[in-house]
Amino acid sequence: MSVTTAERVPQGDPVSAVPNYLTAENTIVSWLFTKDHKRIALLFFASITFFFFVGGFAATMMRLNLATPEGLLQPAVYNRMFTMHGIIMVWFFLIPSIPATFGNFFIPMMIGARDLAFPRINLASWYVFNLSGLVVLYALVMGGANTGWTFYTPLSTIYANGYVFAAALAVFINGFSSIMTGLNFVVTIHRMRAPGMTWMRLPLFVWGIYAVSVVMLTATPVLAMDTFLLGAERFLGLGLFDPTHGGDPLLWQHMFWFYSHPAVYIMILPGMGVVSEIIPCYARRPVFGYAGMTIALMSIAILSFFVWAHHMFVAGISIYSAIVFSLMTFFVAVPSAIKVFNWTVTLHKGRIVFDAAMLYALGFVLLFTLGGVTGLMLATLAVDVDVHGTYFVVAHFHYIMVGATVSAFFGALHYWWPKMTGRMFPEGIARFAAILTYIGFNLTFFPQFVLGYLGMPRRSYTYPAQWQSWNLLSSAGASILAIAYLLPLCYLGWSLFKGRKAAANPWGATGLEWTTPSPPPQHNFKRTPVVELGPYSYNPEDGSYISQDGTAHAG
Amino acid sequence: MRGSAAVLRPEPQYASLDQQGDVAQVGMWVFLVNETIFFGALIFTYFLYRTFYSHDFDIAAKDAVLWCGSVNFALLVTSSLTMVLAINAAAQGRRRAMIWLLVATVALGCLFLGVKGFEYYLDYQDKVVPVVNYQAKPGEGPAGELFWFFYWVATGLHAIHLTIGIGLVLYMLLWRIRRGEITPAYFAPLEVVGIYWSFVDTVWLFLYPCIYLVGRS
Amino acid sequence: MTMETDPRRARALPFVLWWLILLALFGASIVVAFLSLGRLAPIIQFGIAAIQTAVLFILFMRLKGPPSLKWVFAVSGFFWLLFLFGLSMTDYSNRQGWPLTHYAKRL
Amino acid sequence: MYHWIPFWPDTAATNAIAVNNLFIAELGLSALIMVTVVGMMVVFCIRYRRGSSASRANLTETTWHFEVGWTTATLATFLVLFVWGAGMYVWLYQAPRGDIEIYVVAKRWMWKMEHPGGQREIDALHVPVDKTIRLVMASEDVIHSFFVPAFRVKHDVVPGTLETLWFKADKIGTYFLACTQFCGLQHATMQGKVVVMSGPDYARWLTQQGVHESLAQQGEELFRAHGCSGCHDKNSTVHAPSLVGLYGTMVHLQDGTVRVADETYIHDCIFNPRSFTVAGYPPIMPDFSGQLNEGDVLKLVAYIKSLGHPEERAK
């Protein structure tokens, strides 16, 4: 396996002499005031990478603390660490992760547009994101909030000291960034498709991003209102959630989860889109059940709004309500099961190449499946009563949100890196990092399932001594995971300067983004492409493929 | 200056000005999905508490200043009318009419804020400002204060939205129109602002019965 | 009732008439508030608000015209709110211990 | 009690056995799903790797046949799990009238338990084996969550209302008790133990706690001290509803609704009488929310409950 895919598949067009988007202008101002979606994607990439490591630092501190029951940190410090870990990872990494970077970069390219519909709003989205980032860093540096990322009232409104208001304000402002990005994608996908690009010819990544944008648009305002009311209660004393006045503390939870459950799908749907791009490309065959995949994506997006109260089964909501929401939760698992099945069958009769991106994608499927089946346990009412609020839940959502989504993020990064930067990365070490991620991740989080069923409550800085062995294992795994996450930073950084120049289509993929040079010119295409056929026209028999603009390539 | 309209060209991602205008309008409607849900979520909290604490709400809401809310209602509906007429004037090339109608829109918006401010003053006198100056009325349970929490949050947010609307119209007047960028050939920016303006009006349509018409019978 | 809403050809008079209708509906809403209709009153008032909204959306915000994407977006916000209202009510309509008692003690 | 590396929690209550069985069934199903998916992936990855010469002819792109079959199968399995879990949830969360009723007050960061005989303990709960224990829980401040892993029971304790939970321990021993809803600085230490004892041991333990008035007797004292008896006593001239035998009956309220007079109702009436005016009575009861704390109200509730059942009062 010493040869990389680049040598195996035919080369695309020779690199164009037209200045690409990176070299067209060089000043800092040209970056800070750019309206080019590709540059904004890179700006976002820089921001979220920064926050990923801030959140990762907090995670490291937590795992260090939990290595022994006695702990390392003061309780107050630990509480602030997991709160900031949650807030930063959810709103400042996971939610913008794939949409704001790869979505921003590739949605216009994949549908054959010259840019997003509203480039200025796109840029504003990045500025608003950074503004909210500054506010959250302010909260962090001043001492942090200590409520958990869920801000449950009345703890957050009355009892918690610390910078809860600033943290909630950051989340509120961050919502605007989400909304602007989502709005841009929805309008762009509806109105800016190239001729011939019908809905059923859209690559699944575009479908994934579309589904996400719909969720962002419709869920975020509820969170915005919720955090606004939280701020009003904490800052001004207008206590709409205050039980002293008959306000309902559970109302906060209802509105919070009305956003935050769909938000889980904001994190996972783009990942599903990415994996649906990568697996056919490296299996060299069409995706199995394209129509089923699109239906599954959209039904997950819609159904995600019907399941929020499964976070509240033990919170004292009405029993009938819990039954309704449990049933709905089982329903939302059905399209997810369809997707797992289709990805797996896409490997059937393929001509599979195990490049780094593919390894990440396969890891995604496995971790997502494990996260999914434990999700079924949590959806089962009686079992949820037992494991709710324990490490079982922590393990479950990390399998989905870190195991799956971050794998997809890294998969996308490796898959599109040549296109974004025009450079190839060293394949061998990238494969090593992918496998290391998988091992480190399972070592970190599988023990937490056991801990959860044993009854270890989450958000605790200490625990009874008999649970130390599992915690220690988890902390050890986390250190491996940390290395696996730091490695790409090194070799991708190296490749920026020393990597081989990438061809237009190093992996032999069919999407429109591969028909233009790497890195792409300023407005993506010299001529707006005309789309002739659907995505994924790979032929596993001889390895040939047909690009979406109708160009056939030999195997 | 009017001549400069001739050089107005679509942004690079669009094929034509028509497409650009159409996409801008669709964009505003997508944004309104957001706004609808944003205010809807607030009204949801109101709906919940009013359903279950209707007695307290009936008593507490009697202090809402009916005439202020009603005058404001009329002002806003009228401003929607002047806005839509201004867009018609823009499309039909009646520049003077457009400018005066927009000025009227801004004036009505400011008048609304003025009345609102005066109403806040009256509220303070009536001791219905929670935390700062609040006194429960005879027979009013603690849930009555929830009504006033809602009142301040809702009217405050609406006022912020209206202020943004006024800012947008002023931007149109003082920048886009003055530079001659709004012409019968391309008036989409004004239409987008108009859609937003009428939406802010719509919010008041719902807030009005929530606040001013409770417990009057 | 056919009415031209395309701004290039629209006339002022129909808009003024609709504006008067909006104000008349507004008056009706106030009258309803002072009648002893009990729980019916808010239903009528919000019904009136819904009609007024429809007028604003369709005519003043110019949804009128051939079916288009704008309709989908105009309706979907309200549609999504149905999820919030409807599914929350499965809880609030029969939760034990709701509405809450009042809790004066703060530590 | 534990191995060096614990794999499975204690299963020490009838509730726990039921939940445990369901959990094991789901583990089995999960293992089956994982084995299928991993198995398929491994087989395909090896058989159809790039270098292999396996035939790729007759590629299936879509078979609705397959997809519909797979979807129906998963849906059917899910529905079985749903019905199983939901039925058990209803059973877990509808607390029966217990053999022993214990009041739990959650407060940052401790669990305060009050036994019917007036015995109190903090962060520990002594209960007899094989008896149905009903917990009535209140929170003094934020949301807490009462969790005993060995019994597989958990319920949030939301301020402003009362929550109930039940279990029936069937194994003698000491078990871990925790708060699972983050409640502030010392959330991690808001833990304790549940001690399950044999009947005689429990009886002995009760007597060793020193002399106490029963909870209902303490409630009766409060009932007089705060002037409740002035209106609600039989001999009172004030027009107020009698409380004898109130507990468990249906009460018709002024606003037309009907409420069951359970603990929550009595608790709510004391703290917010105006919202619960009984049909046919004037709304004259003052609000006691400033004068009583959660512990006091629980005593009053115990007293009012005992009014209908004279034998409980004597206990």
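Think of it as A, B, C and D in the order they're written, each chain with its own count starting at 1.
Everything below uses one rule, namely that contacts are C-beta pairs under 8 Å (C-beta built on N, C-alpha and C of every residue); 3 or more make two chains touch, one makes a residue touch a chain.
Note that the structure is predicted; figures quoted are calculated from it, not measured.
Trainee: Most central chain by CA mean?
Mentor: Answer by centroid distance: A.
Trainee: Roughly how far is chain B from chain C, going centre to centre by Cα mean, in whole Å?
Mentor: Inter-chain centre distance comes to 14 Å.
Trainee: If you average the CA atoms of chain A and of chain C, how far apart do the two points sit, in angstrom?
Mentor: Inter-chain centre distance comes to 37 Å.
Trainee: Could you pull out the residues of chain B that touch at least 2 other chains?
Mentor: Chain B, residues with two or more chain partners: 26, 30, 33-35, 37, 41, 44, 48, 52-53, 56, 141-143.
Trainee: Could you list the positions in chain D whose residues touch two or more of the other chains?
Mentor: Touching at least two other chains: 108, 141, 158-161, 163, 272, 275.
Trainee: Two or more other chains touching the same residue: where does that happen in chain C?
Mentor: Counting only residues that touch two or more other chains, chain C contributes 69, 76-77, 80, 84, 88, 92, 96-104, 106.
Trainee: Going by the touch rule set out above, what shape does the chain contact graph take here: line, ring, star, complete or other?
Mentor: Here the contact pattern is complete, since every chain touches every other one.
Trainee: Show me the residue ranges of chain D that touch chain A in the complex, using the header's touch definition.
Mentor: Residue positions touching the partner: 2, 4-9, 18-19, 22-23, 26, 29-30, 33-34, 37-38, 40-41, 44-45, 48-50, 54-57, 59-63, 66-67, 70-71, 74-75, 78-79, 81-82, 84-86, 88-90, 92-94, 108, 141-143, 145, 147, 149-150, 152-156, 158-161, 163, 176, 178-189, 272, 275.
Trainee: For chain C, which residues are in contact with chain A within the complex?
Mentor: Residues 69, 76-77, 80, 83-84, 87-88, 90-104, 106 of chain C touch chain A in their complex.
Trainee: Which part of chain C faces chain D closely enough to touch in the complex?
Mentor: 96-107
Trainee: Quick one: in the complex, what on chain B touches chain D?
Mentor: Where chain B meets chain D, its residues are 53, 55-56, 139, 141-143.
Trainee: Hey, which residues of chain B end up touching chain A in the complex?
Mentor: 11-13, 19, 22-23, 26-27, 30-31, 33-35, 37-39, 41-42, 44-45, 48-49, 52-53, 56, 130-131, 141-143, 145-146, 149-150, 152-153, 157
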